[in-house]
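All chains are identified by letter, namely A, B, C and D, in their written order; residue positions are counted from 1 within each chain.
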Amino acid sequence: MAKNKPEKDLRFERFGTKGFTATTKVNDFIDRLEAGQVCGTKCPGCGQRFFPPRADCPDCSGAGPMEWFQVEGEGKLATYSVLRYAPQGFEQDLPYAIAVADYGDYKLFGRLSHFGPEIEPGCPVTTRAVSLPDGRVAYEFVPQGQQ
Amino acid sequence: MGRVAIIGVGQSAFVRGYPGSIKELAFEAFREAMDDAGLQRGDIQGSLICSAPEYDRQRSPAGVIAEYCGLNPQPTAYVESLCCSSTTGVRMAYGMITGGLHDCMMVLGFQKMSEITSAETQERMGRGADIQWESPFGTMMPAYYAMFARGFLHRYGASEEDLARIRVKAATYGQINEKAVYRKPVSLEQCMIADPVADPLKVFDCCANADGSSALILASEEKVRELGIEKPVWLMGLGSASAPVNLALRDEFSGFDVARQAASQAYGMAGVGPKDIDVAEVHDCFTIAEMMAYENLGFAEPGGGPELIRAKETYKDGSIPVNVDGGLLSKGHPIGATGGSQVRTIVLQLRGEAGAMQVKDPAVGLVHNVGGVGLYANVLVMGR
Amino acid sequence: MGRVAIIGVGQSAFVRGYPGSIKELAFEAFREAMDDAGLQRGDIQGSLICSAPEYDRQRSPAGVIAEYCGLNPQPTAYVESLCCSSTTGVRMAYGMITGGLHDCMMVLGFQKMSEITSAETQERMGRGADIQWESPFGTMMPAYYAMFARGFLHRYGASEEDLARIRVKAATYGQINEKAVYRKPVSLEQCMIADPVADPLKVFDCCANADGSSALILASEEKVRELGIEKPVWLMGLGSASAPVNLALRDEFSGFDVARQAASQAYGMAGVGPKDIDVAEVHDCFTIAEMMAYENLGFAEPGGGPELIRAKETYKDGSIPVNVDGGLLSKGHPIGATGGSQVRTIVLQLRGEAGAMQVKDPAVGLVHNVGGVGLYANVLVMGR
Amino acid sequence: MAKNKPEKDLRFERFGTKGFTATTKVNDFIDRLEAGQVCGTKCPGCGQRFFPPRADCPDCSGAGPMEWFQVEGEGKLATYSVLRYAPQGFEQDLPYAIAVADYGDYKLFGRLSHFGPEIEPGCPVTTRAVSLPDGRVAYEFVPQGQQ
């Protein structure tokens, strides 16, 4: 019964400090991230841009495979918080900040590279890919002047 | 469409480390609600069991709980929407009763958060978000609510003291609620010097985990008459909405649009507005949650929440008493039981049976129950 | 009370090791149902997401799936009753629609059983019973059904060949179902010489785990007219019942009284009897389950099930065609998706769109969906 | 906040080959089992006898604490099955049989001490407490003639 069982594509397991999702149709996101690009997807049918990237457009049936687009330029910090306690597997990262960056058409959820009293909602940020230990990959938001 | 009333309410004490099984815990609320309504178990024509499954070892808890409460062979099922599971149960029971499937149903919420170890809890905490796109960054509930706290304080120029005032109010009433897990007074100073959990939220801005159960019995108007129920409390309006899980897909970080939408539906169905609410239970898992609820429910204008609590208008003798049973901040927050506990408080208030917490002669009450970080919201408007 | 119709159906292929996330899996059925009904996502006023949570890493899957399908801000919630979760979703949606809360709802069932490791699956299998009083003895699903198989064979003097004949029938139709996980023919001899799993059940008496999703769109009669749906399939009767989890509290080990009760309710509500059913989907997680269903649904007298299958009366051209899509035995059994898949088959049959599996001109169809070891049962009667 | 936290009563964890429930109000069942008695509970209000034992009667409010009664004499085997595969933690017991014993007023779910083609539904059984390795306890059904 198992003879045609495909090899599992587990690339997504390497996303972030600790992964919880192994299989997804947008695994190519990981290759792009490794190449230094933070990418969302764009529907070839209606042109909507999606972040997080998705394999399917909820509005278009049979529009064909999603296209990739790169997150570029400056966004605005929407909000953030600094964690003093962490869930299992993230303790060594403490303290760290999670945040939302707003690019107008779309937003991203992720880590903030620097934080402190001077960092406020509205502050300009850029988004960059980062390499983590053990071949893991992620992205982070960098506040203006902290590059 | 026929009306539906709540005719029986029950709640276990909310405690740390309940010394029994989930079915024994659920039974405590079940028994109290049955005695309250004066029913025998054969009167219950169907049950909905509500909780968040990740805290259980038992698979499909609806089965063991219906068995223990003697609710076979009537149908039962499990309903989950995180922290608002039991008000979702109320919504579904309302539908099934008005839809003619049953005329009397039990909505039983429970959570035994101590069933799993601390390590297991820490592990599950990390999965309380979009596990593909959020959890890998190391997320947890206080941090998400802290993002909304930062957004709110920044947008409206409010202060951390304003948030702390909400905890001080909760503790005022938690002291007189025998079923609350936290019964000590809390001062503004204690709140402000407490350890940070996720900036800008500190220890006293957060509710405690607890074990507990709640039970509600709903009946059709005909059944209410048949049973001769003396003080039915009617479900006048129900609203419910959802938002994307991932914060990247939200538009606002200083309030919950789901709560606004659920409130608008509930007010519209009931034919009332925020000014008509005499007593409310709102979902205060964190102080910022109650602060946002003031505005999302229309109790305050945008930015008017801090002034509302500074003026003590949400105290028992204020213009709109909120969480005068101590709220989740004092009662504790046994996820699946929480919404049912809120409904119970409003039912007791509307019956005039709330004891030391009683608000003066309320006619219309409201429950606001949120699941996740504004992922799901239910609003119920109830009246005598 | 207004009528409710199923106006759109969808199903993913049922496979081993789906190469995507749970939301991508759920989307496959969602998209097919939306295209089938010709709807846009704004038409869906509420969704119910149905599965068994122990196979997910994602907490509260309703949130991420509603988000991915674009079903915000409409309300959504999670419904579970083990293997009959998605027909429980149908029951709740029926209630909420006839009760006036919504006029069009999506019931989305899914299970990605391959999301967890084999070791995790083995661990969860041990908890699929009353964890206090049954699991410590080392229980698992095939063993429970084997207890009923022994009870049935002993009581009625039936043979293991009679059970095997049910698998042979399933395989006959599984071969022509493109969405089935097991598509090979199976002979009586193969069944009889297969390895034992739990005596008297052998490998071919058991269905396979699978990943899959199903989607059903339900609408009120008014909405059906408004949308101009050409072939609505009406929910004529709904029945549901529960039994104690623990077998020590059951009275019978050769049939499921829950199924009898659910069937009796559904027949009564629909105003039909077993003789009026032209095509049926019954819950055949094990061959004995279909055998018991013959009698519990009234297709055969007590003890008459073996003769029914020996005479091939439940084949496509027989007097009461059962599981002519291959059943769970061939399709696979992705827990939360199973009931929705059964309903989809009956809808396609009643529309005359079942292709190679089409039964001649059926007017009334039935779905029998059981959760756990006869713990929960739903029966639906549907008509054109 | 935790100062009055009671010590956890984890006796029930020792029930069976592998335990899944630690805390229950009927923990005394374990002590009785250790003393060689398999016991159910009886409601002082309505007299109903319950197996498995329960702390609460669904029919009687305020009837007071349950009483214990001992499972004695002969029951009948209702049905059983022999496992060839087992869930995690039970592999070393294979093959073993799970069964229901019917005592008329009540039934028990548990293991069968002996099985084979001669053991059929209807066969008389008795119930006895058994000690397992590592201080664990359980009970089993013994078919007539196999004591």
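Note that a contact is a pair of C-beta atoms (placed from the backbone, for glycine too) under 8 Å apart; a residue touches a chain by one contact, two chains touch by 3 or more.
Please read these numbers as outputs of a predicted model, since none were measured by experiment.
Ranking A-B and B-D by contacting C-beta pairs places A-B first.
One inter-chain figure worth recording: subunit B and subunit C are separated by 34 Å, centre to centre, where each centre is the mean of the chain's CA atoms. Subunit A and subunit D have Cα centroids lying 52 Å from one another.
Computed centre separation for the pair subunit B/subunit D is 38 angstrom, with centres defined by C-alpha atoms. Contact of a single residue of subunit C with at least two other chains is seen at positions 21, 57-58, 127, 130-132, 246, 249.
Contact with two or more other chains is made by residues 20-21, 24 of subunit D.
Pairwise, the chains that touch each other are A-B, A-C, B-C, B-D, C-D.
Touching subunit D in their complex are the following residues of subunit C: 119, 122-123, 125-127, 130-140, 142-144, 146-151, 154-155, 195-201, 246-250, 253. Per the touch definition, subunit C reaches subunit A in the complex via residues 16-21, 24, 27, 31, 34-35, 40-41, 57-58, 68-70, 182, 208. Within the complex, the subunit B residues that touch subunit C are 1, 21, 46, 52-54, 57-60, 62-64, 66-67, 71-82, 88, 91-92, 94-101, 124, 127-128, 130-132, 238, 240-246, 249, 257-258, 261-262, 371-372, 375-376.
Listed in rising order, the residues of subunit D touching subunit C in the complex are 12, 15-21, 24, 51-52, 78-90, 93, 96, 98-100, 106-111, 120-122, 138. Of all residues in subunit D, those touching subunit B in their complex are 1-2, 5-6, 8-9, 20-21, 23-25, 54-56, 58-59, 61.
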